[in-house]
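The following pair of complexes shares a single chain, subunit A, combined with subunit B in the former and subunit C in the latter.
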Partner chain A sequence: MIRYMLRRGAEMLITLLVASFLVFLVTEFSPGNVARKTLGAFALQSQVDLLYEKLHLNDPLLVRYVRWAGVLTGLQADPLQDPALKLDFKDPRGDQYFGNFGYSTLYKAPVNDVLWDRLGNTALLAGLAFAVIVPLSLLLGVLAGMRAGTTLDRVVSTISIIMTSIPEFALGVILVAVFVVWLKLLPGTSPLKNNSGWPIWTQLILPVSVLALYDAGYVARIVRASMAEVMAKPYVRTAVLKGLPWRTVILRHALRNALIAPFTVILLQINWLIGGVVVTELVFAYPGFGRMLLDASLFGDVSLIEAATLIALFVATATQLLSDIGYRLLDPQARR
Partner chain B sequence: MALLSIRDLRVEYRTSRGTVAAIPDFSLDIGAGESFGLVGESGCGKSTLIMAIMGYMGRNGGMPRGQILFEGKDLARATPEELRAIRGGRIAIVYQEPATALNPSLTIGQQLMEVPIAHTGASQREARAAAARVLQDVHLPDPDSVMRRYPHQLSGGQKQRVVIAMALLANPALLLLDEPTTGLDVTVEATVLDLLNELRQKYGTALFYISHNLGVIAQVCDRIGVMYAGRLVEDAPAAELFAHPRHPYTRGLLASLPRPGADKHSHPLVSIPGVVPSAGRAPESCGFLTRCGFATPGVCDAAPVAMIDSGAGHLVRCARWQDLPAEQVAAAATRGAAVRESDVVMDAHDISRVFPVGRRKLLANDRLNMAAQRGHVLAVVGESGSGKSTFAKVLAGLDTATGGKLRVMGADLASVPVRRRTPQQVAAIQMVFQNPDGTLNPSHPVGWPLARALRKFGIASGKADIEKRVTALLDMVRLPPSLRHALPRQLSGGQKQRIAIARAFAGNPELLVADEPVSALDVSVQAAVINLLLRIQEEQGTTLVFISHDLGLVRYLADEVVVMYLGQVMEAGPTAAIFEPPYHPYTEALLSAVPVPDPSIRTKRIRLQGEIPSPLNVPAGCRFATRCPRKLGTICDTTPPPRRDNRDGHVIHCHIPLEQLAEVEPVFRHAS
Partner chain C sequence: MPASLPSTETAGRATPGILRRLPTSGVAMVGLGIVLFWVVLALLAPVLPMPDPNKSDYAAMSAPFSSAKHWLGVDSLGRDLMSRIIWGGRTVLAVAPLAVLAAYTVGCIMGLLAGYYRGWVDTLVSRASDVILSFPVIVLYVILIANIGPSALNIVVAVVLASSPGIARIVRGLVLSLMHQEFVAAAYMRRESDIFVMVIELLPNCRGPLITDFCLRLGYTTITIGTLGFLGLGLPPPNPDWGGMVKQATAMITVFPHMSLYPTVALVSLILGFNLLADGLTELSQAD
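Let's turn to the complex of A and B:
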């Protein structure tokens, strides 16, 4: 098991390396050159040419990637911070340190000053939503799948499919209409600031509800399908006909096997919650990671896009690793 | 008083088309310590009955009438709490497929220990001790290591022993056995049956054994019941039933089995026409009416037929049992004697198939030699893991040999995969597989693969011509032409296998490779498919390579037999020579494991110990040395055995001289 984890860890590093190259490739090759994007639309062509020269944008791609990776890992100084360029890119951490993602042209601040706050906000939102989604969907899915075909099963399945079918923005608007406009119980936006008159925790309720309602239905359906399948397995019949109490049959024999398949899906929700909840963040004006990535992309903020994409990739590979390891713990047949 | 007394039981299922009676009316008594066997084709309601006894019928099942009295309690009306105390405690089940009956994510120990904990309130330590004890009773070596393992780390035979151990843990009064040896190798089956007989003596448990295999039932049961369409049609002591079968259905079942000593030239198999009616569709008077050759209007279709005592505890549900001829008349159409030509169609010389596994080698086939004569049936037998299916795949070009020569139609096809064979070569070697469900595309009508084969092999072109040929093929396998538009799911298993046979014969093959073609079918259907296959094979002069683990069937239909073990040929020769001394010790053990559906035949008892070794790690000398009951000594471990030639091309690979091999008693003897 230890060897397996080490091997998978090494594989994850290689994946990240390859992925970082692809990220670099895609952002560097997006329309317009990097020098122009850095300086903005109103810069003179001569300034752009100067920066082009300074950044050695004529060099082969691989050379530029190595240089970029050098800046990221602190082996090289960030050329953009050179005062000679008069860009006024200042980073209190200096121009050469590990984890130097560069300077955000959109927020006029080092990427590290922007990124982690936003990631923290999204992690808060995602963590709360995840903490609701997992127990709720497991409970509903297991209860429904345990006795497939009963009224409870039908009710849970129907509600789940309705919740999953309503798009997030519609769900957001409906909840705002009810709880903000009509009942006036909750704030309509969630800027996470104390001066809006609403405590922070009240600002989190609606975004978390939207994510949880939308996603729990989906996960519950997958758990239900897996549970129903396991309940029809001969070994569950064996357990019943051994004379075991129903509780033991469910908790000991069915549940663990029923969780093997949905486990990967549940962990994939983390990816979605970190990078894919832009819509919800927009609806509630939530200062989150997804919205930041969207803004950066629209603006052409190369450094921020690269940094954010790398973070999202890291989250994705880490959850993948986690799900593979968990899979082996749950399923002895995968352990060979 | 009987231990289990089922009285006038009716079992119903609610379906979308209304309520269906899977078991319309059933009565049966089983005494304490008795061993009762229940036979019948699939769909006769055997498993439904077992599950009804356990009160496990799903949400749409119910027992509106009748009683299941067990130790004085009516299980049909028991509360969930009462049922739970009985399940696994007083009545336990051994299941058909041990691989799926065990929970894949719990260790064997965890699954065994639950039983005493739930039923006798045992502590963890007591439960562990009980589990270890019962594992010893089912002869699993090293119980402690077995208990730490997961089901996938055990072999099929070991898993079934674990399931039996689990059933015996709470010392039940009644053990229900649902086809417990189906799917196991014949050698493993024999040891499991021995084990059941032994445990029955030791624990005094009553057995209720259901199976479609009369041979297996004959080994274990004192009394046998025959079930048809949800009703008991015959009930008699085992010896009496086999000696004087009274019900036409029982007679039909027995006639569809090859008897020891009979072959295709003297006693053709007789199948039962038609299929088992679906639940609730059987006639009320006599369920077997529609398939019975003796049915008489006015007698058989009038009132429901009751169970009649014909004397000597022999009950039969047939209005005309006294009018039936004493012995079933064998069908007149006996086959001609075997073709005697010496025209070799397939000649395999030193065929090897080695799979590299890491740095090691897996020897699936190791220098195989065999030849098939034109128009003959060559049977290849051996336990699973002997490499028979690998050889079949090499023949058909689904796999390629890593060494040796395979001469078919003047060409060496050993390493020519099917996509590099010419259309003539592909048409010449065709295959019929074990499971017809997997070989027919579920979304195409069954005429489609036939038409496709005709076109691909250049037999027919043009719509009209193909239509005509498809009809002819369907006619050849005795299926109505209208069936060509049916989808595979609308066909029965036997019909699907007929389509597979028709497809294989579409290109007029020289050589047909049939890999266990009937082992997934019911006995009566099996007989029909075998008859059909042999008739076409004979008419067309096709050579048949018949891969099977069913030695009874092999004896019946083969002209020559090759016995394989662990990738090598142990013995080969004409069928008669294989089934008489001198035997190879492995053949002798295989034969002795065959369950014979006739208690008047005594079988010599030889049981192989242990499992077939891994083909990754084969013994250096004789492959069979590790399990051989007649092992001579170190020579068997170190030196490959010499080839010993008997008469008529009968070859045995063994260190024991032929004279000594010939001195043993025959495996099968008539008890006189």
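Let's turn to the complex of A and C:
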């Protein structure tokens, strides 16, 4: 088991490394672009050329990637902070430290000043959504799968397929139309500030609902399928035939086996949630990580895109690793 | 889903195809009906007696709600909403299947090669797939499209990059499970070429699960196209695009909710159609 964990951990690091190169490739493929985007649309061509030269942007992509990785790990000083460039990029942490993501041209601040607050806000949003998704989808999925084919099963299955057919932004629009425009019960934006006339907890209801409803429908379908499959197994029939109470059959025999497959799926929802927050945060003007990534991408803030994507990748691969290890621990058949 | 694979004696020519049994599934037929509804509207768009989707009717702007002239009302620039929705459906229904088909071509090639040759080819394809699949999908789309620019072609490229690894994984698994079958051995005996075995013998036998997955992916891709439009990374204006229409109208949702609700309903109904179709197909294949 330990060896398995180590091997999977090493694989995760390699995946991260290759993926980070891909991100670098996509964002910094054309070097002229990098210099232009760093200086902004109003810089003179001569300034752009000067920066191009100073940053050695005509080096091969791989060389530039290694240099970027060097800055990130603190082995190298960030060339953009060189006072000779007169860019006025100042980072109180210095120009050489571990985790130096560079300087955000959109927010005119070091990436590390911009990133973490927003990530915290998003963690709150995603965490609350997760706290709704797991119990809701488990309950609905188990109830529906327990007696496949009944009215309850039909109702739950129909609702979940409808929920998974509504993209997050569309659900956002529908919920805003109902609860904000029509019923006037909730605020339509969530800036997480107290001076908007709405307490902060009311600002969280709609974004959390959007994230949770879409995903809960999906997970409930998986749980239902897994539960229905287990209920058709001979050992469940045996348990019923030997006269065990229904409760015991479900809780002790069916559930334990039915929840192994959904466990991995539920953890992988974190990967989905990262994408979901990009859309949801845009709909509700939520000051989070997803909207920041979108703004950075639309603006062309190279360092911030790279940093945000790397963090999203780290969270995604880490949950993948956890789900693989958890699956091994839960399922005796996979351990062999 | 090995249960849905044809048994050896009918290998190659499967028992009544899953598509031929489609009419027995009510869910699938409802889904098909919704999809066909949009397909017919999209095909008829040029001949329907509707205003031009990009032409503003300034007289209608003061009261943009539904009227005899504009059945669903007009948008903030006075453009007929029904016309824009139907023309927008044309784009989605052209781009989504095209993108999924392209992704399937690439994914099937990758999966066939990996499952057939195993060894280093398999390792390479699987590792590359792992890397792509470790990206949160929307994040991948956002950084890609923001850097290569929004256009129909680039959306297709992004969909191919993001979904072909998943398809390759499915095809690889199916090929691995088929390699021990007698018809593959028979093809070897006849000294068929590798390409013949892959394309003529193996690929058609993968089709059951792939048809279902294709419908699911059509739904996902429709969601993606809508979402990209909403994020401002969809098709460039003024061409009508459902996601883009919603984005443009959300600022006015408190005053004119119909401007964002109608395109939303259109998008959701099409996705629901694809998903119901996929759901019905899954049920049919599990009934085998």
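Operating definition for what follows: the second predicted complex is superposed on the first by the 330 of 336 C-alpha atoms of A that agree within 3 Å, B and C clash if a C-alpha of one lies under 4 Å from a C-alpha of the other, contacts with A are read in each partner's own complex, and residues count from 1 in each chain.
The rule is simple: a residue touches a chain if its C-beta (ideal position, glycine included) is under 8 Å from a C-beta of that chain, and two chains touch if they have at least 3 such contacts.
On a predicted model such as this, the values are computed, not experimentally measured, just so you know.
Contacts of A:His253 after superposition: subunit B is touched, whereas subunit C is not reached. Of the two partner chains placed by the overlay, only subunit C lies in contact with A:Gly188; subunit B stays clear of it. In the overlay built on the shared chain, the residue A:Pro332 is in contact with subunit B alone; subunit C does not reach it. When both complexes are overlaid on chain A, the residue A:Leu293 reaches subunit C alone and has no touch with subunit B. Of the two partner chains placed by superposition, only subunit C is touched by A:Trp272; subunit B is not.
In the superposed model, more residues of subunit A are touched by C than by the other of subunit B and subunit C. Judged by the touch definition given at the top, the superposed model places A:Val240 against subunit B, while subunit C stays out of reach. Those residues of subunit A that touch subunit C in the shared complex are 11, 15-16, 18-19, 22-23, 26-27, 29, 161-162, 164-170, 173-174, 176-177, 180-182, 188, 271-272, 274-276, 278-279, 282-283, 293-294, 297-298, 300, 305, 309, 312-313, 316-317, 320.
Considering their complex, residues 127, 130-131, 134-139, 142-144, 146-147, 219, 223, 226-227, 230-233, 243, 246-247, 250, 253-254, 257, 260-261, 264, 267-268, 271-272, 275-276, 279 of subunit C touch subunit A. Looking at the complex, you find that subunit A touches subunit B at residues 147, 149-150, 233-235, 237-245, 248, 252-253, 256-257, 260, 330-333.
Listed in rising order, the residues of subunit B touching subunit A in the complex are 54, 56, 59, 84-89, 92-93, 95, 97, 100-106, 114-115, 118-119, 150, 152, 163, 166, 170.
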